[in-house]
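Before I ask anything, let me first share the structure, which is written out below as structure tokens.
Just so it is clear, A, B, C and D label the chains in written order, and each chain counts residues from 1 on its own.
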Amino acid sequence: MLIRSEFDIQFQLPAPITMLAMLDLHPSVDALAREVTPLVVEHVDGGQMSRLVTEKYQDSYGNRCSRVHLPAGAVRLSGSNVVEIDGMPDLMKIDAQQAEVRDLPAAVLPFLLASRYCEVDRMCGLASDLFGSVPKGWLLAVTIRDWVHDHVSFDYNSARPTKTALDLFTERVGVCRDFQHLAITLTRAMNIPARYVAGYLGDIRSPYAGAGDFSAWYEVFLDGRWWTMDARHNHPRIGRVLMATGRDATDVAITTTFGVANLTHFYVESNEIDGDGNLILPQGHPEASIAA
Amino acid sequence: MLIRSEFDIQFQLPAPITMLAMLDLHPSVDALAREVTPLVVEHVDGGQMSRLVTEKYQDSYGNRCSRVHLPAGAVRLSGSNVVEIDGMPDLMKIDAQQAEVRDLPAAVLPFLLASRYCEVDRMCGLASDLFGSVPKGWLLAVTIRDWVHDHVSFDYNSARPTKTALDLFTERVGVCRDFQHLAITLTRAMNIPARYVAGYLGDIRSPYAGAGDFSAWYEVFLDGRWWTMDARHNHPRIGRVLMATGRDATDVAITTTFGVANLTHFYVESNEIDGDGNLILPQGHPEASIAA
Amino acid sequence: MLIRSEFDIQFQLPAPITMLAMLDLHPSVDALAREVTPLVVEHVDGGQMSRLVTEKYQDSYGNRCSRVHLPAGAVRLSGSNVVEIDGMPDLMKIDAQQAEVRDLPAAVLPFLLASRYCEVDRMCGLASDLFGSVPKGWLLAVTIRDWVHDHVSFDYNSARPTKTALDLFTERVGVCRDFQHLAITLTRAMNIPARYVAGYLGDIRSPYAGAGDFSAWYEVFLDGRWWTMDARHNHPRIGRVLMATGRDATDVAITTTFGVANLTHFYVESNEIDGDGNLILPQGHPEASIAA
Amino acid sequence: MLIRSEFDIQFQLPAPITMLAMLDLHPSVDALAREVTPLVVEHVDGGQMSRLVTEKYQDSYGNRCSRVHLPAGAVRLSGSNVVEIDGMPDLMKIDAQQAEVRDLPAAVLPFLLASRYCEVDRMCGLASDLFGSVPKGWLLAVTIRDWVHDHVSFDYNSARPTKTALDLFTERVGVCRDFQHLAITLTRAMNIPARYVAGYLGDIRSPYAGAGDFSAWYEVFLDGRWWTMDARHNHPRIGRVLMATGRDATDVAITTTFGVANLTHFYVESNEIDGDGNLILPQGHPEASIAA
């Protein structure tokens, strides 16, 4: 199956600023990529676009990062890619085992610890109250995921940059990243390593659910490998395209700006395409009939 | 100058647990080491000590870490080392420049971000209120350090594992690590990279200040390198011996336990020695007269 | 000057609930009232309105409160009043004195203490940092008010029911009630009693500032009496009509619901009228030209 | 049964301050009082005690309050009383009914709301998770009380003045007042009015449990009256002597100081006495054998 993902994000800047961005595909996806236009940053000056130099580097998690110095005025970030995936829904393994902390690979140990949005240290008691009697392993991981899904409502207007897992636990309303932060925190509190993921997740072979956006999900470490989990969409989905992983949204921010950047345009889409590059739009997509 | 540091920490465990420890010297200190007994973990069973296997690994910051599985009962962690240092107080460079974010090495960028105990995102406004008019660079860094020192009282009884920089800012009383967390957070908020450090800091050529402990300080990135800062002891000190660095005390915990461990004994000392290995105790040390 | 205020608020209820409301004028305004239709609560059933019984009581602050049991379906709360006021802007007294705590009337002492949204205990250090050198009395009170005004942005979308003074201090964006909570907290921290006020504040003899809403402001106790302060609109205004006062928005909630109530309609207006009852709309009001 | 309670608390003051105190018996206990020495405040100057004038007033909850201006130096607060009580343990009524909010007396409605230490608004979801399936009324009230008792450890060293119900819920270790704040918050979240109580509770006909202190408990409103609950001592006790009630410890602080007061001496005892005034000390009291 072919998936085409693309974005076009624009900002108006009152003054020059530096921006960090994680808008390229994760190196682990390279083998699947059929076409890639990495992040392009342009300055729009009187109708003319001039391309800005972006510095590329990898962070300690192996994510592809960009740093770019932006002049005042209008700027545009864009990119696109086509990946070929097997088209299978998220894998499940209901007998996946939870290793003891003594037996985990050292590299995954940091994903048991607290981080900015994941106050593991403050939620251990609670996690134990809620999940202490659930059998360890896969069942524990999905029980936590589903608990979050069932106890939190989604509302775009409830987003705020400082909202932590504990905040969400008390407020019970949040956006994608908040759902995952709460699930990650409770999962770590039960001694299963969990990490945050940013990527594309279109409504592929699913009903159209509204204008596109980047998505967040998370991964849990069981049976010696990472498995995809998603507390917002807690049933197996097709077509996740990985961009970055880290401890939480601090590590994996689509953009981090040092100064004021006012968002003026935001377009993200991720859709199936056929072999000729024609879009296969989800049922209910406003342009679906045109495409048909 | 020779510094001898050593520790002996004992726990009583009701049940077996896994422990992570950062109790060895940092690799950057290796060239200075004259004698090293790395972490030894022993189980005390009926008066008999049996040595436990510790797994050694490095984390993503380059720190030496140990993982050990501890049986129920009494356990003892110990180690010691002698390092030869130049005996100079902490370096100062009053004209050290603050690079723009665009010019910082990519590897230090994570030390501008928020972390568990350092809510940079919640303290930017405040940092700007307090320090927005201070000239950038060295002066800004030490102004923040001294502000924290002057506005916070030290009290061992105020320690708690969940206390963040914002908590300390509101409560104004804390321990070593809290002082550093607040200073780190305000420093990052002003766009100077800052990282947390754990190590030994004895009362070397300073008046005796009480029973020994591990110490925490921090480092700021100016003029292309890291400089030692300490919001608790904000005058140049002699004899810091580095053990680990990271984003905050979550990354750099002396011990992290997965289960219950009751501390029964705690001894840490770091003192100057002469060429024959004799202790040069600080003035006022309870055993100073004996040594003399 | 005559001020006409009115509201019409509607909810859809999935199930019966009890609601507490503070939607009548404060008893202290009775002498100014020329016409009053106290709160009317109606149930809308198939196009037919039936009036519901409301129980009236006063709380310990002397506010007029209503309790009403609402059936499932559509309900409407409405009321209106005309008051005659002197038309003077908020009073100022630049030499108003701040009494020592020992000399304050006992009845105002609770307004020095912390409350749900006003963490005085957590903000004393900060208040002292910011305002410790400002002369006591009127100047201190208005310095705090103006500091809040100048450091916080208004954004309706940033409203949330759990936001406290400390939250606003860190987030720097809020709504009316948040501005007042922060100012109240800092004012109490400097030992000036401060209380929260809810009421009407139309754009009277001010440019039209958008659709009407209830307003919040606060009062400080100086020179033996309460004075109006407003950290959102920090210049003297005309036409405040008092509904309720208390320690913070917990005490003075327009409505408190025990169960789910979905807001479907919200209309509040407060405008000057002439002797014949004709509206004198503010400059820029969408209907101003029609009225003229 | 006769209970003799007394206290002697001393402070050293670097500078004059004003203090509010709630150290007298509650008016509701007057009918039981056999001997009362209300709060006496003295200044100790060079070995000489001079009595300071205290102003008495009642707050809006009906508590007896005192305000006193204290000069710099050493001050002593003392008082004592003997009350005659029936000697029955705390009442229980296992079929006590929980009124609907619509049917509660208006005067108890404020005890459903959030207050400084009781973030009802942040804990409703949680309360519903934990207790949503428990039958309303007495069983719900004691289930909450016992849950808090069973999930929180007591530790004097964990006390801090800013600790809220949510903090305790995450930290799981606290003192008397913290236990009650958490229980009160969860109880209110389930629509049972709950209020905070301060008073004496000696180890009467109970094993000696250490040096005396004031105690905190709480009351819930069921069957049209208030019932004693205690999440710290969750079995019926004998000999509670009421001093003050309010929404939380902000309203009912033994002392509130406006300035620095260093505690130098703290003695509180509450014991049974016989008809001749002889102490009947609890089993295990250090002076019990002497008394025998």
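Here, contacts are C-beta pairs under 8 Å (C-beta built on N, C-alpha and C of every residue); 3 or more make two chains touch, one makes a residue touch a chain.
In UniProt terms the chains read A, B, C, D = Transglutaminase family protein.
All values derive from a computational prediction rather than experimental measurement.
Trainee: Can you list every chain in contact with both chain C and chain D?
Mentor: A, B
Trainee: Working from the CA atoms, figure out how many degrees chain A turns to land on chain D, in steps of 5.
Mentor: 180
Trainee: Comparing centres built from CA atoms, which chain ends up most distant from chain A?
Mentor: D
Trainee: Could you tell me the distance, in whole angstrom, between the mean C-alpha positions of chain B and chain C?
Mentor: 49
Trainee: Rounded to the nearest whole Å, what is the centre-to-centre distance of chain B and chain D, using the mean of the C-alpha atoms as each centre?
Mentor: Inter-chain centre distance comes to 41 Å.
Trainee: Hey, how far is the Cα centre of chain A from the one of chain B, in Å?
Mentor: Chain centroid spacing, chain A to chain B, equals 34 Å.
Trainee: Among the residues of chain D, which are close enough to touch at least two other chains?
Mentor: Answer for chain D, listing residues that touch two or more other chains: 119, 122, 162, 170-171.
Trainee: If you connect every pair of chains that touch, what shape comes out? Choose line, ring, star, complete or other.
Mentor: Looks like everything touches everything, fully connected.
Trainee: If we count contacts the way the header does, which residues on chain B are in touch with chain A in the complex?
Mentor: 18, 20, 55, 57, 59-60, 65, 67, 69, 100-102, 106, 109-110, 112-116, 118-119, 121-122, 161-162, 191, 250-251, 256, 258
Trainee: Spell out the residues on chain D that touch chain B in their complex, using ranges where they run on.
Mentor: Residues of chain D touching chain B: 157-158, 160, 162, 170-171.
Trainee: Under the touch definition given earlier, write down the residues of chain A that touch chain D in their complex.
Mentor: Touching chain D: residues 119, 122-123, 125-126, 129-130, 151, 166, 169-172 of chain A.
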